[in-house]
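Just so it is clear, A, B, C and D label the chains in written order, and each chain counts residues from 1 on its own.
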Amino acid sequence: MSDNGNKQHDNSFEPRITAFVCTWCTYTGADLAGTSRLQMESNVRIIRLPCTGRIDPLFIIKAFERGADGVIVSGCHPADCHYTAGNYHARRRFTVFRELMDFIGIDARRLTFSWVSASEGTKWKEIVDETTDRVRALGPFTAYHNLAGGAEEAMAGGVQ
Amino acid sequence: MKLGYYPGCSMHGTAREFDESLQAIAKPLGLELTELDDWSCCGATSAHATNRLLGVALPARNLALAEQQGFKDVFAPCAACYSRLATARHEMQEDAKLDAKVKEILKRPFSNSVGVMNIVEVLRGLIPQIKEQAVQPLSELKVACYYGCLLLRPAEITGFDDAEDPSSMEDVTRATGATPVEWRMRTECCGGSFSLSRTGSVVRLGRAVINDARAAGANAIVVACPMCHSNLDFRQQAMGQREGATEMPILYLPQLVGLALGLSPQTLGLKRHFVSTQPVLELVAAGAAKGEVK
Amino acid sequence: MPRIGVFICHCGENIARTVDVKRVAEALAEHPGVAYSTDYKYMCSDPGQTLVKQAIVEHKLDGVVVAACSPRMHEKTFRRAASSAGLNPYLCEMANIREHCSWIHEDREEATQKAIELTRMMVEKVKYNAPMQAIRIPVEKRALVIGGGIAGIQAALDLADGGAEVVLVEKEPSIGGHMSQLSETFPTLDCSQCILTPRMVEVYQHPRIKLLTFSEVENVEGYIGNFTVQIRRKARSVDEDLCNGCGDCIASCPVKKIPSEFECGLGKRTAIYVPFPQAVPNTPTLDRENCTLFKSRAKTGKDACMRCQKACQRGAINYNQQDRIEEFKVGAIVVATGFQLYKITKEQPRPGISGYGEYGYGTVPDVIDGLQFERLASASGPTAGKILRPSDGKEPKKIVFLQCIGSRDCAKGIEYCSKICCMYTAKHAMLYRHKVHGGQAYVFYMDIRANGKGYDEFVRRAIEEDGAKYLRGRVSKLYRDGEVIKVHGFDTLSSEPVVIDADMVVLATAMRAQPNIEALAQKLSVSYDKHAFLNEAHPKLRPVETNTAGVFLAGAVQAPRDIPDSVAMASAAAAKVLDLFSADELEREPTIAKVDATICTGCFHCERVCPYGAVEHKEIRDRKGNLIKVIADVNPGVCQGCGTCVATCPSKSVELQGFTDSQVFAEINALMG
Amino acid sequence: MASPEQQETGHGLDQHAPAELKDEVAALTGANPARCYQCGKCSAGCPMAVETSLRPHDILRLINMDQREKLMENDSIWLCLTCETCAARCPNSCDPARVIDTLREMSLASGSTAAPKAISAFHQAFLNQIKSGGRLFEVGLIANYKFTGGALLADVMTAPGMFMRGKLALKPRRIKGVKDVRRIFAACEAAAKEQQ
């Protein structure tokens, strides 16, 4: 449990998780989690983007390459995109991307894809905790050095 | 149509004429009924009113038997049995914990794959055959179709008709040539399970049903449930008739269909009723006479 | 070497309680490229901002990172401070160490480490930030108001009186909306028509309002200050310029038995008609579905009747009129399309909503809805203001009002409170008593919600002076029983079952979103909730704005609203629009996409995914004018900066300013410290 | 505003108090009693409302007020016909019918004697029949019920009427799988005890 306040700082593995979120829904939802003082795992680092539509699959590969053990991608609910349709494009892109992850050799369970609206602080907390637990159980992602270089080439054709 | 037949306890006892009439119309309508081997009681209200697990496990045993015996659907003509079987099926689908628990208790393989059908649903599916086989026009007969509670509610379990504004029994009735009357009490409760234990309530509720049917001009009430039948037929005398009012015959739906098919009153068990069905038979005869004149 | 300044805020104890701010500042001071790093109790305070400004000047900073609260809170504050110290504001970024760190973690060590990392990420990003200028766009000082009910009328008048040009679009033949159908209004019982009609006329006569009735919004393009809207002018079959509203055509029409929409089916109208006598404009409309001529043309191809054309001395009847599209440039849009009433019928227009089988699915005669009762009570209505049963014209001696029909009923699919029903039911009970002496009104309610000025007093009056019997409970079932309607309810306050033999039943049915409002919302890029009410930008602080800049809301399109609320919202929306129109140009954040012409291959993947149609085709020619290639070009006025094109571009030739690949990669790279 | 002290106490209560009745009922039924807003539509349609002292909406109210004893000691929960009218019309899907089923079960488990003798005797007699033969033997039921229930009414006198019409079998029929049925009974009864 994350919120019992006496977590053991032994040598057990603490994953590093990068979150790519849109500014309108999920970032605001995460802000709400903060203003509601919802205690959660501290393993997640958020990178704010205008829309999930902006998220290039290469960002995710790059994050893994730079040592992330898990990645969260989260934006507005379908039909609620601030930019009308960006999240649909993102969803389509990530359906393809999941298959690519298999191909590259990244366990798809290391990637969480979700919708969190500006009013869903609790949901954000759940996603953070669940993803952290899951990735913690999967152990560190050690294959990242294999990703260097090759990945960018693999992506050059673009994933649409 | 081939169905696994779950008669339930009352069809072999107090509701014998329900079973008789159903068996009688089955053949002409092309309905093949194979009785479930070694079926047991569904537990009725007494089980689920006192022990939810028992209320699911008892019907589940029968669903499991049906599955083992290779039936795709179980046909439970008794509305109470139907309700219990359908509820058990539904609850096990909805509640994984309950599902696991019941399966553990049953101690037999069971994947909850068997559908559950009631008498109205089955006969509604046979409307074309009823129309085709009808030899006796019931045109003089006006009937009140009584659904009661267990057939329709809860809607998310039964789902074969609109729970507040049903029409399937009326559709079957029209197929027999009889006229369904418009009345108010058709989805109200008759007192059901209190038949023996709280007779006063049953008399009060049943009286309201019969009075409304009479006010709507019905010659008979058609039911699909042995409990409704016994409450309205067996208890009718206790309800105390208004001065000059005649008794209201209570027919099972297959009895009505059987009359249209020209089957004899004996075959249909029409002599087993407490309230005489003679007035109905007379109206049927009158209709037949008119038909001949035409 | 960049010279970046880092400012760690304590936010009083809010951050400092769980984050060791000193250690963060020290750690960042060591970070490459950081020229100055400090912490302060309240960075957003005046002295805090001064600290930032002074540091920019003293340490010649070329980038600033403020680690404090969410950028949604204070990004503007610090960018303004940077700007006033001579630094381009877009070289200032915030690291969120409050909402995303100190408030959600208890362990000081973990929180401090995370705060250091979050701040480092932003420092790395700022290294790649480029100076930018806010975008300036001209403003078209004309507003489109959609919907001509009381909200639209109010907004249009306020705007026009404030000096703006207005295009008011109404889909029905007349403006007036639901309010024109009401008899009297709560809590003052003043006559609805009497207060509304003058405003309708004012709209009609206003020199700055262009009124387009029997018209609908076909298409919307553009952005705040610069929308292009196309309006479908539906064929009325009557030339509005020639018609003088004499009504000869109406008198001549032989088809007289069409249920009148305005009278909620309780009255009849002709095929060529004005919906009600005070309609604005007073120009008739020909209902082609019911017209003898159009029916005959459809059936036999031959002409028939045409009496209205013969009757019209001005030659205004034009059977061959076609729908036409008119285009307008507007700078802002006010959506005031109102509501529709829920019906208890079995068939429902939306999945998830169901009717009331226990109340007969709307088939029981003399069970009417609140709007129908308004028409009965209206002096200009089908019964000239007498309360009479639709079935046999008898005066009901016992009348039962049922509240919350469809409202607050999760099982029927609508969980919200419709807000106005408690009040109008009290009004109905009062009007009934005033009109039917000795009659008895019963009201089945759940809670009386009368929280407006003079509202509760009004309800008390209905109970205390006009003798309405209020029963607290929902009705389980009702049905026709001979002459009467049997109403089976329960009075939870006396704990008794109640059966009333009513002569008439009035259902206070829910307010629902307009049909097909989703299509309009999509044209406007405005989001809506699960009931299809349009979403305001912020429930408290931005109640009439939407998330699409330049689009505003007024009235029941946003949620159930009564007349005073709708009018207040309309005036608020008008004020917002006038505020927008008060300047000749607008400033916008420059976070938009930009194409690198040298590497764009012209595949136009970006064009296909752009939700705004901001991608245009640009021809590249040599000096002789020969076409070299066609590439993509982003219209800076239209682009809203979502960045979908960037992620889609196979040649990486489009960048989103402020969120470029290098900026994001810098953040990712900073992850490992 | 609550003082920090009050908050402390409040928190403590939440942690250590036994589960409230409404939570228990919610867990057992899957319906949430807290959603009841006391509209009384259930009671307005309840065919037994004229006979019971607690109507369905009263029962929901008492559950939400955690009035366990009042509910268990009242015979109203036993007078439910399980006709499901309340459940069908509840605007908040509180499912009073299912809730009342659960209360009866809890009442039995708690050893309450609130059930009207005739009704509990009937249920007992009914279940005894099934336990012994796997199916209902109606003559046995009537006999068993009338003796244990003590209400030796005119009904028994009509049994000959039933018999004359061929409606009553005089011999019980026992199914092959009766052991199977008895095992189900034993397991369910054990589970009910365990829950208690």
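Quick note on the criterion: a contact is a pair of C-beta atoms (placed from the backbone, for glycine too) under 8 Å apart; a residue touches a chain by one contact, two chains touch by 3 or more.
Remember, it's a predicted structure, so these values are computed and weren't measured experimentally.
Colleague: Taking the mean of all protein CA atoms as the centre, name the chain whose own CA mean is closest to it.
Modeller: Chain C is the most central one.
Colleague: Does B-C or B-D have more contacting C-beta pairs?
Modeller: B-D
Colleague: Taking the mean of the CA coordinates per chain, how far is chain B from chain C in Å?
Modeller: About 52 Å, centre to centre.
Colleague: Cα centroid separation between chain A and chain D, in whole Å?
Modeller: 49
Colleague: What whole-Å value do you get for the distance between chain B and chain D if each is reduced to the mean of its CA atoms?
Modeller: Those two chain centres are 24 Å apart.
Colleague: Would you mind pulling out the distance in Å between where the CA atoms of chain A average out and where those of chain B do?
Modeller: 57
Colleague: Which positions in chain D touch two or more other chains at once?
Modeller: As it turns out, chain D has residues touching two or more other chains at 85.
Colleague: In chain C, what residues contact two or more other chains?
Modeller: Residues 358 of chain C each touch two or more of the other chains.
Colleague: What's the complete list of touching chain pairs for this entry?
Modeller: Applying the touch criterion to every chain pair yields A-C, B-C, B-D, C-D.
Colleague: Would you pull the chain A residues touching chain C in the complex into a rising list?
Modeller: Going by the criterion above, the answer is residues 3, 5, 7, 9, 16, 18, 23-24, 27-28, 30-31, 33-35, 37-40, 42, 45-51, 53-57, 59, 62-63, 66-68, 79-86, 89-90, 93, 125, 156-158, 160.
Colleague: Quick check on the complex: what are the chain B residues that touch chain C?
Modeller: 162-165, 184
Colleague: What residues on chain C touch chain B, complex-wise?
Modeller: Where chain C meets chain B, its residues are 346, 356-358, 360-361, 479, 481, 486.
Colleague: If you look only at chain C, which of its residues touch chain A in the complex?
Modeller: That would be residues 70-72, 96, 98-101, 103-107, 109-111, 114, 117-118, 121, 522, 525, 527, 547, 591, 605, 609, 611-612, 640-644, 646-650, 656, 659, 661, 664-665, 667-669, 671-672 of chain C.
Colleague: Of all residues in chain D, which touch chain B in the complex?
Modeller: It comes out as residues 28, 30, 47-48, 51, 79-85, 87-88, 95, 97, 101-102, 104-105, 108, 116, 118-119, 121-124, 126-127, 129-130, 134-136, 138, 142, 145, 149, 153, 155, 158, 161-162, 165-169, 173, 175-178, 180-181, 183-185, 187-189, 191-192.
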